[in-house]
Amino acid sequence: MIEGNAQGVNELADELKDTVTLTSLEKMIEAMGELLSPIVSPIANAARSNSVWPLTFGTSCCAIEMMSVGMSKFDISRFGSEVFRATPRQADMIITAGTITRKMAPALITLYEQMPEPKYVIAMGACTVTGGMFNDSYSVVQGVDRIIPVDIYLPGCPPRPEGILDALLKLQQKIRTESYAERKNKKYRQNAVRYVDYDTGRPLEDLIDEARYETALALDPLKGLQEKA
Amino acid sequence: MSETPAAKPPEEPKGLGLCGQFLKDHGIATTRLPDSCGVETIEIDGAHLEAAMKLLRGSSEIKLDYLVAISGVDSADTFDSVYQLWSYTNNNELIIKVRVKKTDVVEGQLPLVPSLARFWSAANWHERETYDLVGIRYYGHPYLRRILNVWDWDGHPLRRDYKQLVDALNDKASGSMR
Amino acid sequence: MATDTEVDLTPRLKTDEMLINMGPQHPATHGVLRLILTLDGEIVRHTEPILGHLHRAQEWQGQNRTWFQYQALIDRVDYLSGMFTSWAMARAAEVVDGCEVPERAEYLRVMVSEMNRITSHLLWLGTYLIDLGAMFGFPFYPFREREKLLELFEEIAGQRMMFNYIRIGGVMRNPKDAWLSKLKRFTEEFPDRVDEYEAIVTQNPIFLKRTKGVGILRKELGMDYGITGPSIRASGVNLDLRRTKPYSVYPKLKFDVPLNDRDGDTFDRYIFRIREMRESNEIIKQCLDMLPQGEISGKKQIAGLRVKAGEGFAAVESPRGTLGCYIISNGSDRAYRIKWRNPSFCNLSILPELLKNHPIADVMAIFGSIDVILPDVDR
Amino acid sequence: MLALSLVTRAKDSLYQICRGLKTVAMHTFREPITQVYPDKMPDTNIRGRLALAVNPETSEHLCISCRQCERVCPDKCIEITAHKSPETNKLELIEFKIDHGLCMFCGLCAEVCPTSCIINTNDFEMSEYSREALVYDLRKLTLSQEESRYYFDRKEIPLPKPKPAKAAPAAAGAAKPAAAGKPEEAKSESEAKVADAKAADAKDAKEVKQADEPEKQTAAPEEKEETENKEGSDKSKD
Amino acid sequence: MRNGAEILKLGTLTLVWWCIIFGAVWAACYIVGILIPMALTSYESDAARMTAETCRALTPILSVLVFIPINAMFMVLFERRGLAIFTVRLGPNRVGPDGYLQTAADAVKLLFKEDITPRGADAFMFTLAPIVFFAPSIFGAMPLLAAVTNYHELFQIANLPTGIFFILAASSVPVVGIVMGGWASNNKYSLVGGLRSAAQAISYEIPLVLSLVTVCLMAGTLDVVQIAKQQSGGILNWNIFGGGALRGLDQAISLKFSSSAPALQELSKSSFEQVLKSVYLEPTAQALGLGAGQEGLAGIIAAFAVVLLIGSIWIAYGLYMTGACAEINRIPFDLPEAESELVSGYNTEYSGIKFAIFFLAEFTNLFIVASIAAVMFFGGGDCPVPAWLGTALGGPQIASVINQALTPLIEIKLVDPPTLFATIWVILKVYSIVFFAVLIRGTLPRFRIDQLMDFGWKRLIPLSLIVFVLVVYAREFVNVHVGT
């Protein structure tokens, strides 16, 4: 599951990273270096800040408020962010709406890594900022910034939809002022290991657990009784 | 409150209740426990559980046809598996407890209770959950594996002696007040 | 010409089975359910739900928080109907403790709970239509009415979703007259809005095709799996705790419990929820008329709130079914064991049965129709 | 026959679709219900950001460092540092920290506060760029006099009692005007402690129930106060 | 009208964007097609002549290339604002003045996003797919250009005698792109989406083509320019009203109107009847071989045939729109990218600029099917006001006033009034259809794949065949466009 073994973690993380080629204009800008970046960056940043497409990612209560903010009364579309994309490949921002548990953490990391750069994270709600009211639960990740880098922390349980708009505005402010190089140099601490094999469909855990169960049964004194039943 | 609250402290039950009598008629011995808030509560031996459940569910007079919940309780000296049964047809209620003494549990193994999942589908996930959280092994369950926690979780969190794992995901963070 | 329900979905050509891993992040799984579907072409042969992606240890929290603290927390068990989770625990604690609840508090509880039932069903309606593909227009309308109710909740409880309003022994706050009149105005205009939804959805031929005859839940099967709530009532089991095991002031109120006379399909489950919303509206109206004066709490709301020793199980009829709470108290300021009997958990267990031999597109139609809330499943 | 039924069905379907389309299209002529948030702030009473109120009339700080809120908080997001002042022998507040990233805005602290000091404001714009910025200290938490007046008015909290007339001679530290209300408050604080510890006995006389009923409090034994104060100063070392 | 302000805002936005689109396209065409050749005429060399000719020949392509991205941007904005109006909210209104630049920001952002090729994907096919998806919408739009610009000389080069055939052929290519994208992504959702798309496109191509063939049958030609020309002269001449079946009525009424002087009443009355007789009765009688005394019967049959024809064409239009919605994957036929089932369908793995191309092509396709409908059913660039009514309302005077006002522009060939009016009418018609598509998107849920197939094969295809046969017979009794 989750281990502290940093070496193994990094190796596995590298292995499972699924981005292989970069062909975007961003790459070109990088190649041209300092020359073009100051001209293009402001335009790109202005465009980015005004079209932050969130990923449809919601785990619990905050997801409902995230839904509400897209609805008529609060209408996130005014800021151009109503395009909730279901696939991380087309999203710019992930609002971690709701508690992230240890079981969910690998999925969240996968999603985050699947998103194309530049990507932003809003940690929404007490659960994802610090763990909140579940801060001593055995199964809850105490703050989503332990597994992915967070740009905006939005407290509340759940935050009001206006709070989300406020966070979005602050994020837009941040996007407008940051530079590409800054963003690129940002590294984050990777604490969790994926244990689910998302590629082959049948999860690893099933197979291993079944095997374990079988062994356990073999040792079980009541196996005969069970077979009779 | 429309129903009478059990304000008085639970006194010792007088005799067998409706269901207890019914089971006795069919040759299954039960022990009556103090009523929990006006609902008949019986204790039954694990070996007879399946037979008793089949009787209670099938007979027309009792017909407890809803298995509402199965709870595992880590009591002081026993592991309890508590079955909440309701009847849709005649509004009966019954609580059945199967108790496994902690002293009977082999060191390093889980307490054993027979599974109902083979003939009562509702029991399937409840038993898995109880196995996961309280650590009661329901033998005869078709697919007894952890349902809520990850597959290689250590320990059973709702046990009284459960020690929480501390790692990079829940240690004391510098920024947090905890 | 064969009707659409009789379309033979068995493939003539035998092909390899494909595993599709739906979730835990998928737009249609309402959060974080993970379904491992074994597909034969587009037909689902086997489903394995994997839960626990939102397991937040609510029961464990119950043992480690005082009663007073835990009351504030349990709205999160089923966040769409927080009033009901509060109420279930409050009832269980009251049954164990034996304290009286003032009548005004009971009426207020019924009122806010029925409001909450409406918000829950409205949200379900919106998301269900999103599941069925009408994601750009219709879902906005139920949310509009939901927001009106949430405004009222905010006024009386201080939060839009995590109310912390129903307490052990009573309720938290007395509503003002302005609040009551606002609510009254809402109840008067709400039936028109429901008519509007029905005009768009109920007779829509595409909607009918997607829902009629899909995911038929047999009565016996449902009872075997312990299904409760509108899902089982749509299949003809008259299990509504407000009627069968009446609690609170429900016996004094007049309302219908809609009941089906055949095995319900997805469409029935939809129409039953619509009807339930109308009934809830009626209940609120009656409560507004009958609301007595008096105290609102029979137990002092203090930090050291205690419940007498004992054990008990109490349930309320939540929008999703029987929401029960099994409490073992040893007389201290925190519970010895709290076990939740969540309707979503039990209702979800039937999903593999219902999905069998349906095309993959029906996974959403069926899964949406049983109205599952993931924290209610995972706790 | 079959053709006729098909035509009828097609006609019905078309009609129903058109009915739906009409209903949607007619929404064109309804007023948008959108609240233009950054331009227009919502006007509701919510359990928002936590803050420490001052007395709206005298602008003295209401906190008496009784630690009720710290103890009742389910998230343990409140941290109070207080020490016993050597001159007055009363508790003095040094630091008050609330981690808003941890807070779940349940309002329990405001409920149990005996002096209506800690309140939920209507503010919800708390998002920050860093985790540390969410931990609010005493300076950031304390409201101005006007704000306090606004919230006392808005939330319909009864105003704190004016300081008793004979408090002035009792207080040794009369040189410090801000602490003038302390004796009275210290008493209620000790009552709160007792009430909390013995809540199960439910002795009504010693109970501090609601934040809006501070006037019901009665005097508490003096020796209790001493012990509680010691405990408080012990805690403040942590 | 409690929502007057919002509707007005949407109207202003539409006008402004149309001005931008037209300004851009107009300027591009003018510079490349007219200004540069004009400047080159002074040089009398082969090279100069060659260059001028090349420039002229490239104008249609250039106009499409300029038009498509800007137009798609506007359409996305239009849809978002339109949906916002249906759902009682405001829609994007922050970027630029009142949100005019929202989609421009989106486009720039997508341009600068990281472009990911997933591990295990076929990189070549993965890159090719959006191109294959997008390219047909460029060259497929080409033959329509001449039809919608009132056969302007610059765009004549793009016309084909078998224009509609070419357009249909081009419009069935994008599905190859979808299947390629779905397969190359190495993602099960993508694959299912791509295969669904293939099945759907094949099924719905047939009713779509058959309904257009019905129109071609009435027109007697495959040339879109011819079809557009035939329908000129007001709403009664359009194919949606029987493709000239009402032309006789039109002529008759125009005679009545044109000779409203009291002295000529008698004459006009006789000519009214004569016209009706010559247009309706005689062909019917001729077709049925009826004698002189059976005018009554012939009249009834002629009336019946006209009604039948118009009814059939309406059904054909319905079929066309249904098929077109399915072709371009819009709700209720958006199964290939069904969001609640297949995450995002065939474009699940696409990001950045490739996704932008998919997005662009989707909306361009919507525009193209709407403009096909406008040309084939709604008279192309024809003014809906019938000629006689226009005359009565003073149409010619207005036209001459406008002509006079534009004289300086006309002299430098910047403006060609017929082309201008034609394009304005086409755009109005196309956006009406687009608006309807938005309304449908806001209302209907999605089909299921097997129901979709059923609906296509068991309902639409038989129905389109029936319509086809009905039109074949009905046009025998009515004088439709053929022969004018």
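For reference, chains read A, B, C, D and E in written order, and residue numbers begin at 1 within each chain.
Just so it is clear, a residue touches a chain if its C-beta (ideal position, glycine included) is under 8 Å from a C-beta of that chain, and two chains touch if they have at least 3 such contacts.
The structure displayed is predicted, hence computed values, not measured ones.
Looking at A-D and A-E, the interface holding more C-beta pairs in contact is that of A-E. Of all the chains, the one whose CA centre sits at the greatest distance from that of subunit B is E. Greatest Cα centroid separation from subunit D: this falls to E.
Look at where the CA atoms of subunit A average out and do the same for subunit B: the two points lie 38 Å apart. Spacing of subunit B relative to subunit E, judged by their CA centroids, is 68 angstrom.
Rounded to a whole number, the gap between the C-alpha centres of subunit A and subunit C is 28 angstrom.
The distance from the centre of subunit C to the centre of subunit E, each centre being the mean of the chain's C-alpha atoms, comes to 48 Å. Residue positions of subunit C touching 2 or more other chains, listed in rising order: 1, 20, 26-27, 52, 55, 57, 60, 73, 137-138, 140-141, 144, 147, 160, 162, 200, 204, 206. Contact with two or more other chains is made by residues 84, 86-90, 339, 343, 442-444 of subunit E.
Looking at subunit A, one finds that residues 71-73, 75, 78, 86, 103, 130-131, 133, 135-136, 138-140, 143, 157, 160, 206 touch two or more other chains. Remark: subunit D residues 2, 6, 12-13, 16-17, 19-20, 23-24, 27, 33, 44-47, 68, 71-74, 104-108, 111-112, 120, 195-200, 202, 207-210 touch subunit C in the complex. Subunit E makes touch with subunit A in their complex at residues 80, 84, 87-95, 99, 101-102, 104-109, 111-119, 123, 339, 343-344, 347-353, 355. The touching residues of subunit C, when paired with subunit A in their complex, are 19-21, 24-27, 31-32, 36, 48, 50, 52-57, 60-61, 64, 73, 76, 79-80, 123, 127, 139-140, 143-144, 146-147, 150, 160-162, 374-375.
Across the interface of their complex, subunit A is touched by residues 50, 106, 112, 114-115, 118, 139-140, 144-146, 148-153, 157, 162, 164-165, 167-171, 173, 176, 178 of subunit B. Against subunit D, the residues of subunit A that register as touching in their complex are 72-75, 78, 122, 126, 129-133, 135, 143, 145, 150-157, 159-160, 162-163, 165-167, 169-170, 174.
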